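Written out below as structure tokens is the structure these notes cover.
Think of it as A, B and C in the order they're written, each chain with its own count starting at 1.
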Amino acid sequence: MSFALLFEQLLNGLQFGVTLFLMAAGLTLVFGIMNFINLAHGSLFMVGAYLALAAANWTGSYLLGVVLGLAGTLVVGMVVEVVALRTLYDRDHLDQVLATFGLILFFNELVAMIWGRAALFASVPPFLSGHIELFTGSSYPLYRAVIIGVGLVVAVILWYVVTRTRLGMLIRAGATNRTMVAALGVNIRLLYTVVFGFGAALAGLAGLLSGPIYNVQPGMGELILIQVFVVIVIGGIGSIRGALVGAIIVGVVDTLGRAFLKPLLGTLISPPAAESAGPALASMLIYLLMAVVLSFRPQGLFPAKG
Amino acid sequence: MLEVKGLTKSFGALRACDSIDLDVKEGETHAVIGPNGAGKTTFISQLAGNLRPDAGSVHFAGADITSLPAPRRARLGLARSFQITSVYPEFSALDNVALAVQAHSGHSFRFWRAARGDPALVQPARKVLDEVGLGERSHVLAANLAHGEQRQLEVAMALATEPRLLLLDEPMAGMGIEESQRMIDLLARLKQTKTIILVEHDMDAVFRLADRISVLVYGRVIATDVPERIKLNEEVRKAYLGEDL
Amino acid sequence: MNTRLILWGIAVLVLIALPPVVLAVGQPFYLDLTRRIMILAIAAISLNLILGYGGLVSFGHAAYLGIGAYTVGIMGFYGITSGWLQWPVAIGASALVALAIGAVSIRTSGIYFIMITLAFTQMLYYLGISIAEFGGDDGMRLKSKSLFPGLIDLRDPVAFYYVALGLMLVSVFLVYRIVNSRFGMALRAAKSNEARTRAIGFSPYPYRLAAFVIAGAMCGLAGALYANHTNYITPGLMSWQQSGDIMFMVILGGMATTAGPVLGAFVLLLLEDLLSAWTQHWQVILGPLLILSVIFFRRGLAGVFYKPDA
């Protein structure tokens, strides 16, 4: 195992982590501020991927596809919020879980009806394909590097909004004490819609960025959603900082585990045994990590409600 | 029976309880009074185990219970009634009290025998309900009881655990004159056999029932004395400016 | 009270009479369908214990279906086909896993608890997929049905049907006894008002954990039955879609009622069967139906017939 290989996998982990962060940031705010558990967040990820792909195919331009995909996801998110989710804010978590589960079924099937069940191929646009030179000497796909870049830029923007703007102050206040913010006369409905819209846009962005890397197919959102949950549990509900730290940790641990656990085990136990134990253990890694974090920090690493 | 030393609790910049010393003798009825926001409920919550103090200690019958969780304290004989009614709304009054009896009857890992028909639970529960005056209403769902009856149920549940010390947080909250009178009579009966810490605003009740009174203002105990001397205490009068003592 | 017993009596009689009737009219499909519904009803009954009565929103309950099923499959794979060995091990394995997951998860509450139970189930799902030896993603075929030589032959569809019916009724009865016992009352009290429960001297954790283990074990039995029913075991049995399905059965039928989970299982699965015959995109209809039922139909179907057990 060379350092170059390790570094490359580290970057992959960072790329995955950044994707997780884009999903986790919106979701953790919705959890923290609105005390609303939204299982359909993964559906927005999927919608983003599909809309961007469809728009790019229709207009022939990747960038137009990105813009339309983002806008479309934002619209879908807000429509869903107003039509279906508003009635659920006051309900208990069980109702929210069930209703958003119904939404998942609906969206997955809708997407299958429009675009079919087979995985679609989303290609990396020409100006983003190609490789860059790493300091280790090996080359790294430009597209993945771009994802890392975009993610970090979003993180910085979010940090700025949350810590330096009035909206951000309301968000932070809402995450620590929702009822107080409402009592202070803030238009809570509008705040909720804005927060939800934020989250939807970020999820859509994550989806359209992931299109060329993972398969664009019905149900793609749920696969990543549960990992996003792990991120939020580790990072702490309601905290963007927690989402970022958690996402990077989960992304890196998962990627490195999948890449190196099997060969690592192969040196300790017999290769055939490592053949099945390796991937099995690797896929369980982040959940074991979650269990460990929970045992000494049940609220996560950086919970908003300290 | 109860020894509190230096109990302190802050919420951020707010010192809800500031180095409170208090002791309660066995068989005593000790009232804790003070203006709103004085920290009375915070104090009770720390005694009952719902809040962890920042500093100080609580000793109950000689044992240090400062870091014991609420269920443990309840099993040691410390019973609490809540200021805001906290019962099981979907269960009948009898079921409510029977649950309290059950909590006191060892472990509940019995999976087969129906709890509702068990005389070991039902008989003591009925007895307690009669004692507080809810005997006729045992089958009514707690949610359907009148407010005053619910307050009585609160006390009943505390009683059913056969406590050595009763922590009563404003048992008469929200009650009318007749209901309050009934509650005072009940407490006067209980007073003879139980040790009670009573947090109340109703001064009538306080002066009728208390053996000693502690006055809490802004988290500090400004006076602890027998009722007659508390009435005459300058600082207490200042704290209750305009109130009829 | 008497109405309930009468309704139950009628329902049981109908279920007992079903096999000869459907066979006489030449529709064995309904035998299969009803058997499948009853097996999944056992899973719903077990979830009702912790969800309906205990208030634990566990979104990972299908994990135990998978554990039960895979235990039967894996033991059969290695030549152990006796049901007397397989089924207790299936139940025991499910109980153990429930103990492990519950011990960690029940310390948390609210949104955390939901996400954590979901995450652990997913972990088991990935575990199931990655063990290629047992079919991985595609699943594994059951080598032989669980054998109970001399007692019953599960290869006989009617005999198997009655086994499922019997076990379902036993499950209903068991949960009924449990929730009305001292244990059950303590569990329900903790759901109703946790602060009050702690104040009278109960610590909710051990009771919730015990209920979680019992529910897991019962669901493991359902899994063992399910493996025998489908002859094929896939990781999809442990998916969260499956968990969501079981949850819906409990809610639809009416939480914290004796008949709820059974009613819910029948209604949901019959509905799914009906809709899927109509269009392959039936989920696009089922999804919104479920949403609407949550928004408007809070008390569930059993609430239509009688008030929930108080």
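Throughout what follows, contacts are C-beta pairs under 8 Å (C-beta built on N, C-alpha and C of every residue); 3 or more make two chains touch, one makes a residue touch a chain.
Because the structure is predicted, anything quoted here is derived from the model rather than measured.
Asks: Keeping to the contact definition above, tell me which chains border both chain A and chain B.
Replies: Both-contact set = C.
Asks: Please indicate the chain closest to the centre of the assembly, with centres calculated from CA atoms only.
Replies: Given all protein C-alpha atoms shown, the central chain works out to be C.
Asks: Let me spell it out: compute each chain's centre from its C-alpha atoms, then which one is farthest from chain A's centre?
Replies: Result for the farthest chain: B.
Asks: Find the geometric centre of each of chain A and chain B from their Cα atoms only, then give the gap between the two centres in Å, rounded to an integer.
Replies: Spacing between the chain centres: roughly 49 Å.
Asks: With centres defined as the mean C-alpha position, give me the chain A-chain C separation in Å.
Replies: One centre to the other, that is 31 Å.
Asks: Based only on mean CA positions, could you tell me how far chain B sits from chain C in angstrom?
Replies: Centres of chain B and chain C (C-alpha means) sit 43 Å apart.
Asks: Across the complex, what residues on chain C touch chain B?
Replies: 177-178, 180-186, 189, 192-193, 195-203, 206-207, 210, 310
Asks: Note which residues of chain B are touching chain C in the complex, please.
Replies: For chain B paired with chain C, touching residues are 48, 50, 69-72, 74-75, 79-80, 82, 86-92, 95, 98-100, 102-104, 108-116, 118, 121, 141, 157, 160-161.
Asks: Would you tell me which residues of chain C are touching chain A in their complex?
Replies: Its residues touching chain A are 51, 57, 59, 104, 107-108, 110-112, 114-116, 118-120, 122-123, 126-127, 129-133, 240-241, 244, 247-248, 251, 281-284, 286-291, 294-295, 298.
Asks: Write out the stretch or stretches of chain A touching chain C in their complex.
Replies: Residues in contact with chain C: 31, 35, 37, 84, 87-88, 93-95, 97-99, 101-110, 112-113, 222, 226, 229-230, 232-233, 237, 276, 279-280, 282-284, 287-288, 290-291, 294-295, 298-299.
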